[in-house]
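Okay, so subunit A shows up in both of these, paired with subunit B first and subunit C after.
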Partner chain A sequence: MRQYFGRKLLIYGLTFVVAVTVNWMIPRFMPGDPVASMLARSRVSQPAAVEAMRAYYTNLFGFDQPIWQQYLNFWGALFQGDFGISIWVFPTPVADVILGAVPYTLGLMIPAVLLSYWIGNRLGAFAARRKLLDNTVLPVGYVLTAMPYMWLAVILAWGLGVTAGWFPVAGGYSFALQPSWSWAFLVNLLHHWTLPFLSLFVVALGGWAIGMRNMIIYELESDYSNYLAALGAPTRLIRRYAFRNAILPQITGLALQLGVLVAGALVTEIVFSYPGLGSLILKAIQNQDFFLLQGTFMFIVIGVLLANFIIDIVYVIVDPRTRAGMAGAA
Partner chain B sequence: MTTTTTLPAEERVVRREALYFAVRNTKLLIGFGIVLVLLLVGLLGPLLLGSAPPNEYVAGPMLPPSAEHWFGTTTFGQDVFTQFVYGLRTTFLAGAMGGGIAAVIAMAIGFVAGYRGGLVDEVLNMLTNVVLVIPTLAVLLIINAYLGIRSVGLQALFIGLTSWPWAARAIRAQTFSLRSRDFVDLARLSGVSTRRIIMREIAPNMSSYLFMTFILLFGGSILIAASLDFIGLGPTEGVSLGLMLQNATQWSALQLGLWWWFVPPGAAITAVVGALYVANVGLDEVFNPKLRET
Partner chain C sequence: MSLRVNDLRVHYRTLRGEVKALDGVSFGMADGEILGLAGESGCGKTTLGKSLIRMDGRMRHAGGTVELDGRELPVGDDRAMVAFRFHEVSLIPQYSMSAMNPTRRIGRMVGELLRSRGVTLDVKELESRLDLVGLPRDVLGRYPIELSGGMKQRMVMVISTLLDPSLLIADEITSALDVSTQQAVAKALLGFRESGYVKSMIFITHDLALTSHIADTIMVMYAGRLAEKAPSDRLTKAPRHPYTRLLINSLPEIGVRHQDRKLTGIPGSPPSLLDPPKGCRFRDRCPMAGEECAEDPPPVEIEPNHFVACWKA
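Right, the complex of A and B next:
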């Protein structure tokens, strides 16, 4: 087990180093000069002002130092939680801006992912080898996984929001309210949360159902299932064993899907102007706020790594073989 | 080795058998049928529509679908159908290029890691795992944000460079199971080079698997490209289905009830990707005798 975690931690550590390095490299090694393009976009014409801004930005990125020094400084700043200053909301540090948005993204993602995972797996397991149900779950599942997240979000916003008028389609809460711990605010928050949650949940559902269905069929064809059936075990029991075996690859599947789920959450937030990381990214891009964009990238990477690690722990709890040091997880 | 006529008899039988099941598999036919129809619309549509560029203002704003403008017009009076047709092209291009590049990288890494084993495998596997964990879209976001001018090709290139890991893993596992077979041993004993063994002995034995992997990468690339376009990091010139969705939401098609602006692009993406997935299941049934009976 120690070896299992050691290996995982090594991979995550390496990934983190690679991500930070990529984050550091992109502004420096991309074709073009980021400082020049920022100056061009700010549309300042006085030569003195341009010169002052160039000096400011060069200093900000530390471009005047040797390259290895820049790299070390980048790491140093990172460990101090210093992601730079946001340009969009000017004097606020990027870290503060992001920390304000993270709760919304997590509040949207965690329930949507866990619920879709749980219900999707149950649904898939139930539909497998049941002709009628299978014939509906499978096509619907494929349509759902093929759907771009933002499209379902747009359709829901239009149908249930604009046309039916049941749900608000923009923001995390009404502009008339101030965030507080009152009932009125919480109800309002929940009301705004429903549609983004629903669209994330529905799109993710299909993939889990299909995956589980295929795994269950595979398990039901295996020797132990046939043996149990030959012994006269009730179908319910066989299916329960099959489910327990099929859930293992599905846990690995959850880890693999994390990136896609994050991407889905980001675009869904953009559709609903939900004040999470997705909207931040949009604002950062629209305002050429590169520090904010890069800070958000680091936060997403750290979040995904943490989630991966949690899934690894769950895997060890669920699969006794990893504990006994026998065949490890993939 | 140039040859289609001198296939060994056995191989020809296998091919004919696959074809026999392929034309009788409804999933495969429906899936490829939908993809083919949309591909034709994308390829031929722009030729038939004449020379009007997709972003030109051709009619009154916010017209609902009519005989003249099949999918209506945008807030600015652009023809949605024209944009749709050009957008399909871009979407297929992004999928084919992104999926193709990813497939090539995945094959290179998967074959070498699986066949060589040992330290090479260890290193390549580590690389695969690292790229696998990094959230793809987040990386693409910062890369594209720093690119001043973005094109479909460049977008597809970066999608390809980031979305290969799961496929490399799958190909590695398959190669691993093939590499100790007798025919591979025999080839090695007779002094055939590694490169040739991989190309002539291993790859052909998993060609169906490779093709299916490519289909999934194709569909995945389309979805990633659409997300990037939607966030506002799509190609700086031209149209794509993702850009249409972005424009529609940005210019409040939702609030104005212009459903004809945002329904078609999303529906087309769903149709293409869904049809690819369904065709993939069909292919699986064609090539894998175990799955045929149901």
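Right, the complex of A and C next:
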């Protein structure tokens, strides 16, 4: 058991180092000069003043040091929880900007992932081997899962937002309100949350339902199902066992899907101008804000790795065979 | 008479038509009898075994009746059969190695299975049966993956016989085992009968040597029909059907080298059961075939309890 988790942690550690390195490299090798764009924004015309400001900014962001020193500094700062200072909303620290956006992204992602996973699996399991339901759930599932997140988001925004006028199509809350713990604000928040949530939820739902349906059919034809049926066990018991076994590959599927879901959430946020990490990434790119971009990516990488690690642990709990493997028995 | 099968016909539905895997089989079994069911692959022995407990989705009951302890078994009616399964007819499947749910501890699985059949688990009884087949009692707390192949096999044997069925169908249960484990399994089966856990038993196999040790009667099938049925020693020592003779002659003997005596097989292969030929189905491969074989040979009781379906017998 310890060896298993030791190995897993090593792999996650390596992934983390590579991700951090790539993360550090991408903005630096991107075309464009952020200091120049900051100078342009400040509209200073005297050449001497411009030169002074350039020197100040270059020093402030550490660009005057050799590139390997910048890399080491980056790691050092990372362990102190220091992601640098945002260029876009100068001089707010990146960590603060991200922490302001994270609740929106998590509030969108976690319910969408868990609910679509739970309901999708139930739906798929229920449809398997029931002709009428199967004939509806399967094609609908294929259509849903084939839809790109942002496309469905646009359709929902247009249909339920613009045309029907039931839901707002932009923002995390109404601009007329100040964030607070009042009922009015929470209801408003939920109202704005519905459409982005729905677009993420619906697309993911189809994939889970199809996967589960196929797995259940496979399990219902397996030997232990046949044996139980030959001994006259009721369908309820056989299906319960089949579900328990079919959920195992689905858990692996969840681990694999997390990255895709995060990406989907980012794009969906942009469609709905939802103030989460996705919108932040867009802003960071538009403003050549290295530090913000790095910080946001960092956050996503850590989140995905953490979620995968949790899934690894869950898998060990639900599948006794992985535990047997750890003990050294075949 | 414990089991009485009359003209049982079971067909497989395929895209090209109905495969007549069981085409009019009749036989009876006495109380406490162990019937060895032999024949080559595709002769219908597994189909017969399955028909008596649970037909799969492709099988269709095309005719004939089955009677167990004087009551008719509704073999063609999946729902009505449920009441008989496990209580009256039980099965040790071909696939014992994978017959148990891999994600449940064995004891818990047995408990859940019994509860679903309206029976409460008698742990003492279960443990004494584990002792009988030589399994440690703590297997109940383990997962199937933690057992060896032979242990899984014995565990399944215990589960299948837990409700003391009248008829037990053991389908090719020794095929994947080594010789010493085969002996242990055969002994356990005989032990089940002695202890009264099962009344009678159908032992399906292609291993004539093993079946002659444990079966009271052997029935040889060919192409969906009965070829010969006789008490074990009669069938092995004085077979009357040419197919049985060839089958017994094709068994290898230990100590006889290939140079000294070539192993004889039976040339040819069984006819397609999609559209079986008229007359005796063994005719094309039979060294004794003659004119009369164009007619179907009916099973005839040439001596008490010795049935042969051959004009030449």
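Annotations
In this section, the second predicted complex is superposed on the first by the 277 of 330 C-alpha atoms of A that agree within 3 Å, B and C clash if a C-alpha of one lies under 4 Å from a C-alpha of the other, contacts with A are read in each partner's own complex, and residues count from 1 in each chain.
The definition used in the following text is that a contact is a pair of C-beta atoms (placed from the backbone, for glycine too) under 8 Å apart; a residue touches a chain by one contact, two chains touch by 3 or more.
Keep in mind the model is a prediction, meaning the values are calculated, not measured.
Clash-free side-by-side placement of subunit B and subunit C is the outcome of superposition onto subunit A.
Shared-chain residue A:304: touches subunit B; no touch with subunit C. Judged by the touch definition given at the top, the superposed model places A:18 against subunit B, while subunit C stays out of reach. When the two complexes are overlaid on their common chain A, residue A:148 makes contact with subunit B while staying clear of subunit C. Angle at subunit A (Cα centre) between the Cα centres of subunit B and subunit C in the superposed arrangement: 70°, in steps of 10.
In the superposition on chain A, A:162 contacts subunit B only, with no contact to subunit C. Legend: residue contacts after superposition of the two complexes on their common chain; A:233 is shown touching subunit C, with no touch to subunit B. After overlaying the two complexes on the shared chain, residue contacts for A:285 are found with subunit B alone; subunit C is out of touch.
Of the two partner chains placed around the shared chain by superposition, subunit B is the only one that A:294 touches, whereas subunit C remains out of contact. When subunit A is checked against subunit B and against subunit C, the one touching more of its residues turns out to be B. Note on the superposed arrangement: subunit B and subunit C approach each other to a least C-alpha distance of 8 Å.
Taken in their complex, subunit C has these residues touching subunit A: 53-54, 56, 81-87, 90-91, 93, 95, 98-105, 112-113, 116-117, 143, 145-146, 156, 159-160.
Contact residues of subunit A toward subunit C in the complex are 222-224, 226-234, 236-237, 241, 244-245, 248, 318-321, 324, 329-330.
By the touch criterion given at the top, residues 126, 129-130, 132-139, 141-143, 145-148, 166, 219, 223-224, 226-227, 230-233, 242, 245, 248-249, 254-255, 257, 259, 262-263, 265-267, 269-278, 281, 290 of subunit B touch subunit A in their complex. Considering their complex, residues 11-12, 14-15, 18-19, 22-23, 26-27, 30-32, 34, 37, 139, 142-143, 145-152, 154-155, 157-158, 161-163, 169, 221, 256, 258-260, 262-263, 266-267, 270-271, 278, 281-282, 284-286, 290, 293-294, 296-297, 300-301, 304-305, 308 of subunit A touch subunit B.
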